[in-house]
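You will see subunit A twice below: alongside subunit B first, and alongside subunit C after that.
Then we have the complex of A and B:
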């Protein structure tokens, strides 16, 4: 167990960011029915903008605000001006549109920043949790875990206790009827996109710090996040968080098995497929598909 | 003599010297200052631009050099038309790109390529079609085992071993860990060089091969820590190094082991990217001359990049290699008496031997070998705040895999 423990702790810390990203995907899907492939690209852009502002020697907090702000703003723009024009399109078309948005953001970011070596340093990097006489993880990873927990609780509260959450749940149940009884569909959708952009920006800063500060690499962060969301059937925030943590831990533990270590990044796919198959066998489906009512 | 005449003479002399100096620094090809305008000569390159890491630095430098050649008379009046294709790190795309360049564009030669996948995909095609490929940067094993494919760099295996050799012999290390990504024909081959060196010198080597798609460096750093080796080498592109170095810093592993990196880490932005924790702790192997070297070719490389390249083009070892690939190809083509076509280009390029440049430790050659590895020596540098400090003169790589290459060189005619 002494050998496993450090890998479990490290896995939980990176799984927390998968979970945080998964929560962003689920919240948007529940409200608008859109699978957002641009989540990772928005996060990548947030990290790059943050790095740029700090590199220009502005205060760190200005970089964080700028990074998260740009991701939130772009997501809002998409939700306010592009997504509504696709409302009556097939669900697959709407998902593919976000993929186009992702490739556009990734392409521009890659063109502007290129591939030069960079690093996004956060103040919480300088200290960490010790194990067996040496530092195991930085405080940044602890903060990421707290953010994932906070975002989940916050979103659960928002959905259960606030008028906006009520409107989101109404849209999830039946968009047409919700509109007929006075729910402002476009405005509620836009709020969901804005919240998703906020979570994408925060996840991007953590990933830019923990992984690689590279727009292309961060764009593909959406894959484990999507797998986590699939574990939660694109519906349950709690199950999504658990899915993210499980993927992170398995990925980390595979490093102890040299035979499969080099295939660790397949973990997200394997977990997602296994869970979906298991759910099908036990009659558990995805979040109710109400697209026929749109 | 009037004072104004003396002053005027001094100004004229200064301007003249400055002008001649500038001409000498960015001299390319025929160096006559006349724009080439004849029937273009087609040259191609394949790079891995889009993918896990941008590997186009080499072709960007080659493009700058060819632009300079075209502004200076081209190849006896004919401009070089340089077509660069992106293989997106996909062997299938690399194969399609090579077929397009070789069969449709009808390139006379390839120059300045740099890819993780194209050598394995295209070596046979180049042999079948009689195309010589002078790549800037060979990456996986296949790039050093093709009859028609040659590189200017020594490759990640030699460079990782070069870094391992330096830290082991300088600090008398008794154990090593080699970390590399599990890319086919890359990771095992790269660390295989360190393993064979360890075996020959009775030094245990632990190899960690990780999934290149893995997002977190911490789990890799944990394995490095568990190995408790006295030295660690990272055989990989610089982008993959950063998360591992960040995680190793967070676990304070820079103090418990000596760290060596291959030439991919020799980049002007690297000291800033790794942060001050790693300053004076990272030993980097250089496959070519230091970037601040003052030899004529190195000075020319910098001048050509400044005048004919893009401001954003990297100034790194891979750029130096691409510049040299374009230079040797140009000189071979200029030496052709008669029509420049694929056959004459092949003969001229393959016939290049004893080609001297201050950017390499030894003369470069193509020659008739079944495989090619003319660069197998380099220098070591220390990463410091704001740059790198060169620590050694050239030293040879002690790789058992070089036996056939050294035997061929010993026969004479290639290097001396």
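Then we have the complex of A and C:
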């Protein structure tokens, strides 16, 4: 256990970021039925904008606000102006439309900022948790873990206790009926997009700090986040967080086994595939998956 | 009724009649391609042919069966891997390895399709995405075989070995034709299956599995067939890519490419074989062209994203669907007349260009043909493509054009000249064709921009003069042809 502990701690800190992104994906999917491929791209843009603002020698906090703000704003624009014209299409089409949005953001960001090596430094990087006299994880990762926990609890509270959450759950069970009983469908949808954009921006800052500050890399980090969300069947926030943490821990523990160490980055996908196949055997489908009716 | 526009048009005719135009097109491209393009562009187009085949498999699953597989390009990687491994390991002929690699990829596709027997829609898309991502990691680690020892066949710290081109296709030109042959075979197979019993079974499954079972269709068997076929043909594409350069790059089959392939198949149009061709051209030829002109390739990603968004909002027929719609309205007489006159003009201008040493015969011929084709098609297509952005944009543009043209025509008739009520539209079209085709040709053939523009505009001018002079003579002939081959939707003026 003594030897495993550091790996587990590192794994949890990595998994926390997957979990944070996964929560953002699940909240949007529950309210509006859209799997958001643009999540990573929005996060990447947030990280790049943040870096740019800090690089222009403004205060750090201005960079964070600007980055998260841009991601939230763009997500709002998509949810308010583009998503409504697709609501009557099936969910594959709506997911693919966000992919189009992601490619646009990624292409423009990559064109503007290019491949130069950069670093997004957060003030929490300088210090960290030590173990056996060696730095195990920086405080940034602890903060990310706290954010993931906070976002999960916050979203659970929002969905369970607030009027907005009630309306979101109404949309989740049936959009048409929800509209009939007076839920303002478009407005609720837009709120879900805005929240998703906020979470995308925050997780983008952490990803840009921990992984690599490159729009393309950050854009495709949405895929492991999706793996975490698939563990939660795109429905359960708790299962998503657990999924994210488990993926992080397994990925980290694989470093102990030299034979499979190099395949570590496939953990998220293998876990997601196994969970999906297992669920399928037990007749558990994707939440809201009423495609057999279409 | 809004969903009706998403339905594919099912062209009538026997299976062979449905496959024939595609085979003829591929044959012509294979025949004249090497004659027209430089070696660099020929290799680019060999790659494009492989991508067209891969895109065709995506279109097969999505267009015919309504299933989304985001792992088709990863399957191409699998096919390429086994093809390389077999050639390096056993020294067998390339063709055999190609077919075996395709069969193994087909097996992988079948395994991939197993969950799909009970899974549909978004969940299947996400599952295939995970598989594609996992394949990318595995490929990154073990790499593609290059003649090394062990089961991975990977050389560590040494000279990478390449496999030889197939015996019958050692040069770039031969290999291009070789690829086109396999492309025609693969796409022909897909189109044939679409037009016959499996296609109908797939269509029924897409509509409703319950109905398919009730009608006695074995859902399991036909779904498995579709996935195996799609996997095998994607694997074939991967093997052909491996044969092109003799090796494959470890970073060559990322999950991003699989997603992009799906996205651009939608943009191109999943219900028509032309859609796959557009997708292949968009993925490989457009970035190459932009690169030639020094435009950042990342902007093409932004453009793809925009195109994907627009084509999803506009219904799901894609570019090919738009073109097919357009073709419905073109009269047969125009096609016959156009072909004869275009042939004469382009050969004449090409000979002239060679005589004055402005540019090569093939290039000039291509340039003129495309310019005239565009002159004929663009008035429709260009404004039709505006419809891509929405009916409102299209209508507004048409109205603005009509308003301006009318004013100009009134002005001209007041000055005592012959009025033309479409003057703005015509001018815009001719300008657009000149600059657009000139831009493309400037990149592909290294022709002077001025020369290209001169050739394009003179060909259009000659075409206009011929039409003006011969109009009275041609008119009865035209009516005769149209009476013989009527088109129900054509706008007879």
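Throughout what follows, the second predicted complex is superposed on the first by the 289 of 294 C-alpha atoms of A that agree within 3 Å, B and C clash if a C-alpha of one lies under 4 Å from a C-alpha of the other, contacts with A are read in each partner's own complex, and residues count from 1 in each chain.
The criterion applied here is as follows: a residue touches a chain if its C-beta (ideal position, glycine included) is under 8 Å from a C-beta of that chain, and two chains touch if they have at least 3 such contacts.
The structure presented is a predicted model; accordingly, all values stated were derived computationally and were not measured.
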item: Fit-or-clash call for subunit B and subunit C when the two complexes are aligned on subunit A; value: clash
item: First, second, both or neither for A:170, with subunit B first and subunit C second; value: neither
item: Touching partner for A:85 - first (subunit B), second (subunit C), both, neither; value: second
item: Partner chain in contact with A:49 - subunit B first, subunit C second, else both or neither; value: neither
item: First (subunit B), second (subunit C), both or neither touched by A:195; value: neither
item: Touched partner set for A:137, first subunit B, second subunit C, both or neither; value: first
item: First (subunit B), second (subunit C), both or neither touched by A:230; value: second
item: Partner chain(s) touched by A:263 [first = subunit B, second = subunit C, both, neither]; value: both
item: Subunit C clash site on subunit B (candidates 44-52, 98-106 or 278-286); value: 98-106
item: Contact residues common to both interfaces of subunit A (with subunit B and with subunit C); value: 110, 216, 224, 262-263, 265
item: Contact footprint of subunit A on subunit B as seen in their complex; value: 50-54, 181-182, 187, 209-220, 222-223, 225-226, 238-240, 242-243, 246, 250-252, 267, 269-270, 273-275, 312, 314
item: Residues of subunit C touching subunit A in the complex; value: 2, 68, 115, 118-123, 125-127, 129-131, 133-134, 137-138, 141, 209, 255-256, 259-260, 262-263, 266, 296, 298-310, 312-313, 316
item: Parts of subunit A lying in touch with subunit C, wherever the complex brings them together; value: 35, 37, 82, 85-86, 88-93, 95-97, 99-108, 110-111, 216, 220, 223-224, 226-227, 230, 262-263, 265-266, 268-270, 272-273, 276-277, 280, 285-286, 289, 291-292, 294
item: Partner subunit B, residues of subunit A touching it in the complex; value: 3, 6-7, 10-11, 13-14, 110, 114-119, 121, 125, 128, 134-138, 141, 207, 209-214, 216-217, 221, 224, 248, 251-252, 255, 258, 261-265
